[in-house]
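Shared chain: chain A. Partners: chain B in the first complex, chain C in the second.
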Partner chain A sequence: MDRSPTDISVDVQLDLHRRMVRIRLFEEAAGRLAESNRLPGFLHLYVGEEAVAAGVCGALNDDDHITSTHRGHGHLVAKGGDFNRMMAELMGKATGYCKGKGGSMHISDTSLGMLGANGIVGAGSPIAVGAAFANRYRGRGQVAVAFFGDGSTNIGAFHEAANMACALHLPIVFACENNEYGEFTPRDKTMAITDIVDRAAGYGMPGVIVDGMDVIAVHEAAVEAVERARAGGGPSLIEAKTYRFYNHHGVQNLGLKYRSDDEVAMWKQRDPIFTLEDRMIENKAATRDQFDAIWAELRADIDTAIAFADESPYPTPDQIMVGVYTSMTGAQ
Partner chain B sequence: MADERKLAYVMAFNEAVKQQMEADPNVFCAGEDIGAFGGVFGTFGGLQAKFGADRVVDTPISEQAIVGLGVGAAVTGLRPIVDLMFMDFICVALDQIVNQAAKLKYMFGGDAVLPLTITTAGGGGLSAAAQHSQSLEALLCHIPGLKVVMPSNPYDMKGLMTACIQENNPTVMIKHKRLLGMTGHVPEESYSIPLGKGNILRPGNDVTIVAYARMANEALLAAEELAKDGIDCEIIDPRTLQPLDTDLIVSSVKKTNHAVVVHEAVRFGGLGGEIASQIQELAFDYLDAPVTRIGAPFSPVPFSPALEQHYIPNAKTIVQGVRDVMARV
Partner chain C sequence: MATVGIIVNPNAGKDIRRLVTPATHTSDVTKVGIVRRAIVAAAESGATRILLMPDRHRLAERAADGLDLNGPHGECTIEIVDEPLTGSRFDTIAAARRFWKEQVGAVIALGGDGTARDVALGWPDAPLIAISTGTNNVYPSAIDGTSAGAAAALVASGHVDIARVGRRSKRVTVRIDDVVLDGDEERHVSRDDLALVDLAFIDAQFVGARAVRDPNTVRAVVAAVATPASTGLSSIAGRVHPVDRWEDGGVLVRLGFGDGRRVRVPLAPGSFTTLEIAEVRPLALGENVEIVGKCVLAFDGERDVPVSERGRVNVRVDQSGPLLIDVEATLNIAARDQRFDERTQSTTDGDQHGH
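What follows is the complex of A and B.
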């Protein structure tokens, strides 16, 4: 891979690195908790794909919007999500982001422009179109990003969203995480194209393929697409070729053989965090000690978050009916 | 009885599909992850290995096209089984289910046959949150042209699934996710249970409990508890919700003079309202108390187990409901 220095400043590289490490640590902690049966419900981990969320969200402002998927923790972390509230939500606690109502699959922080993980494949993209519409309507230069998986491009919602965004020339970026699988079925069994980016031309938007294990490459493509959107240049599609290191949900493959060990090992060799660290050290942009300190600092944050979540109370049954509707006197 | 064959609910489904595929070459299955993987709940396990990828088809994540595939193949002479992984995803395919599958025959002046089975998995209790836990059967029962089935045990699962596949109208077979591992007696040979025929799960004299799917099992537990107090419950499991075995329900109520209707779905606008109305229209003079409905509160299904356990009705809430009805005498 290209290990030459990039035009991206060391500060930005360190920022992207930090976002990725935060995702990795959160996800690995969540995985360990799930394995010891301390997390209820489904858990879709983002480990391996960190460069996509980090590279794209690193190109966004705080008031830009994103929509996410069932594999949504990474997107929220990359947008600045708070570990404590995230961990509490995963445990179903009252102090969680969704007060225990949503859990992993619906984790959200509207104040960070994160419009929710989503349990319905493909459902995020049309919502991102709506956010992009509202952003242009208000005229404050905000953009919206729809994160979505390769598998979700087989559903009508994606196509309607892509077409409408292009027809209305909206400030939006479609960011595809192509990890080559939808659940346990390989991409080549469910579509006759290899590259999701081929779909972009059908709607009249530019599309690029980037190495989704290279956060710098993702970031450069995202900066270009986000600038185009902000400047009124309309939608674009970024296809990041990436891979999830763990199972579709949970951690272990449960002995289910739908990917070969060699394939998993090959992708793990290209770990987005370690390759960035190696490259920065080689380019004298950072030192191993510096990275060790970052990991240690963020690990402590995770420990704090787990303790916070553990000590937090569960919601009480009287909360079941709270938050179904907004009352006319204010939000519940 | 000791050596009678036992099978899990999920395998009872699987065996019905397998036997019907053996019996009729026009039967095929299509859905997400059902082929090599056997379905996320294991419902289609081993079928692709046995019947090949042309008859057990892995589809893209395309619920609308999956049901459309079934509608088009059914109306042109095949007998499709199409799977929507979670019941919540019927919403993604609702046009094909409601406006197409249910209505083609009627709109064509009767000149179309749709031997289509849509299979899906409903219900909560897994902390799967608001988009993976719903019980949307009332939505489907409201649509003329559809038949809707919700088995409560392995025996009924096999017989009803067989009937669904053999049926010449679009049916929706709703498995309950929390019953997949439930085991019970299931004969090896093929058999079918007629759609529209309910079942007396437990005979009794004092109160009729109408309950289906997982709630039928909760009602059985409740009945044991109530028996200790001398309250003798008759439990009616309609098994098929559309068409509904109103005769069986009404004749039971005429005997017991009390009725409690239970479902896991949201109470407001749920099937319990329809069943209660049928009872009061057809057995008003026999009732000693108003019909009680038990269902979930009017909110989406909450994620946290601390909330969900209070959200879904259970044996305890059924016991309370029955006591209330009996107290009103």
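What follows is the complex of A and C.
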């Protein structure tokens, strides 16, 4: 009767919390910069969905792979992305992850196993299948995770990826972020099913639904799915029911009214970061002061990243063709 | 008015247990099919009004789509009750409460043990047919929608007296007294709750993905029903000290080192583990058990309520669960009474359909 709790340790809870706060602060800062016209191009913010990237990436090893979406900053941050290089990339600076030539929707860090955000809806899943195939071929025990949205499951690439992954029994986890909207269109206008997980059985893999606003729930499912894949159990699909607090892109989003204020407010009440903080304080696993210190520390990192990006140069015209093509020679 | 209510839990049969075990996935299409069969059979068997629980997946709407229940054998209306939706288990609770208010004669509920529990939370005395579409299915049974719909209508219309086919089920009645933080203030809270199969005390800090995946976290189980034919938490008590659904009393099983018994249990479908049994105590109906200290309470197999180290949980098994309708007995009585015989218009007395 006196056995200690054996579920997720406090260290892991704090790690998941830190990943979520890093995402939140980066995205909030990016939103403010975009509002003041300091960031070029589109910006798809991940605010509200932090528990999914943090919960899944917290279950991965450093050398595991992920592929991402057009809403990809959160995935890179959760995999350990460097604020300085991320912010510089968003500002189009030469010190950015893609040397300032990719921007928000191509941000990546292959050294962290993050194989790229992707502006093409559904295009990340086949890349993850390729990574999973390579991982098994090389026999290094690595796992690939494909992050994708609900809308992308209406795209052929998703179905081909899921079919091939299951046919080849690859070490991959399909992590669906079901935020109920494809851009500005409600899910029920574009598909006849409600749960993306209903698609999983059609390919012969297990699929589960988790509360995507609860990082512990996501993490528990991710740990099981990743361990299963690493042990040779094959693909699985996790559908995280989640919500983006901001609009499809940017913050104000052209003033389009496609979600009710009540709906947005209801989801904001379930903020994944504050939910975890409240629970950890109740459990006496952490204190409010401790959380305040974490927020302050990470805010300082964001300020540093903005300053770094501001001070960085833009790429010079002679760099325009550099990094566009590669040759098989020396391919890793 | 012979009113049948149908509840379908869109979330049943889709949780994490599909990942960690070979548990069955129950798709929306499967659920829609069962509900549609139940609707048709209920109208055929004497229901004059069918109420459907609304849900965010629009399962009820899809099940009723295009059905015309008015024909030579009677007339029946279908309504999806107007309740605000949360997309959570509270939709089931609200629908059961509404059916109670609407004086529904029989409720059909699709889901697992958790769904049946939610029905009982909304309507403690519900006359219930529970169809298993969940993960743990100790309380509900594998009944086809056609048979369930027919039996529900026969009971709701009074053609088969519920006193002959309904039986009061047991439940685990729970009282939780705890202290919670409200900002910086401590606040005492009390709440009543129930389980229809068992209540487990889990060494955990979070509700998380709800399923209990680590057998070493199970401290104790209080079971109203404990069958070795079950899977999940209920199988612990079931394999140590079986308690029949209709047997008076329940059982308390404490886990840990104690009496030396080591028991193999399927803690989830298709997944076995060994547990150490510290104590087995049969419980008489109404006998109180108090367990104190930090844990997460798992109701009918799912983590649900965190309790602090200052919390006190009082539990008893009593006979105040829903009125469980025996579908086979209902259909047998109806067949013997020739309720299914086709009658000509001239010999139909109107009583055939209860209106």
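Following the convention adopted for this analysis, the second predicted complex is superposed on the first by the 318 of 332 C-alpha atoms of A that agree within 3 Å, B and C clash if a C-alpha of one lies under 4 Å from a C-alpha of the other, contacts with A are read in each partner's own complex, and residues count from 1 in each chain.
Following the convention adopted for this analysis, contacts are C-beta pairs under 8 Å (C-beta built on N, C-alpha and C of every residue); 3 or more make two chains touch, one makes a residue touch a chain.
Everything numeric in this text was worked out from a predicted model, so none of it was measured.
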Chain A as common anchor, with chain B and chain C clashing or fitting: fit
First (chain B), second (chain C), both or neither touched by A:210: second
First (chain B), second (chain C), both or neither touched by A:182: first
Partner chain(s) touched by A:76 [first = chain B, second = chain C, both, neither]: neither
Touching partner for A:16 - first (chain B), second (chain C), both, neither: neither
Partner chain(s) touched by A:317 [first = chain B, second = chain C, both, neither]: first
Partner chain(s) touched by A:143 [first = chain B, second = chain C, both, neither]: neither
Partner chain(s) touched by A:161 [first = chain B, second = chain C, both, neither]: neither
Partner chain(s) touched by A:309 [first = chain B, second = chain C, both, neither]: neither
Chain B versus chain C as contact partner of A:191, first or second or both or neither: first
Chain B and chain C, minimum CA distance [Å, superposed model]: 18
Complex contact set, residues of chain B against chain A: 32-33, 35-37, 40, 58-65, 88-89, 91-92, 126-132, 297-300, 302-307, 310-311
Partner chain B, residues of chain A touching it in the complex: 40-42, 92-93, 98, 100-103, 105-106, 118-122, 151-152, 154-157, 182-185, 189-191, 256, 258, 314-317, 319-321, 324
Parts of chain C lying in touch with chain A, wherever the complex brings them together: 10-11, 14-20, 25, 27-29, 56-58, 180-181, 203-210, 213-214, 216-217, 219, 254, 256, 278, 294, 306, 308
Touching residues on chain A, where the partner in the complex is chain C: 1, 3-8, 188, 193-195, 197-198, 200-201, 206-211, 214, 216-217, 219-221, 224-225, 228, 236, 238, 279, 281-283, 285
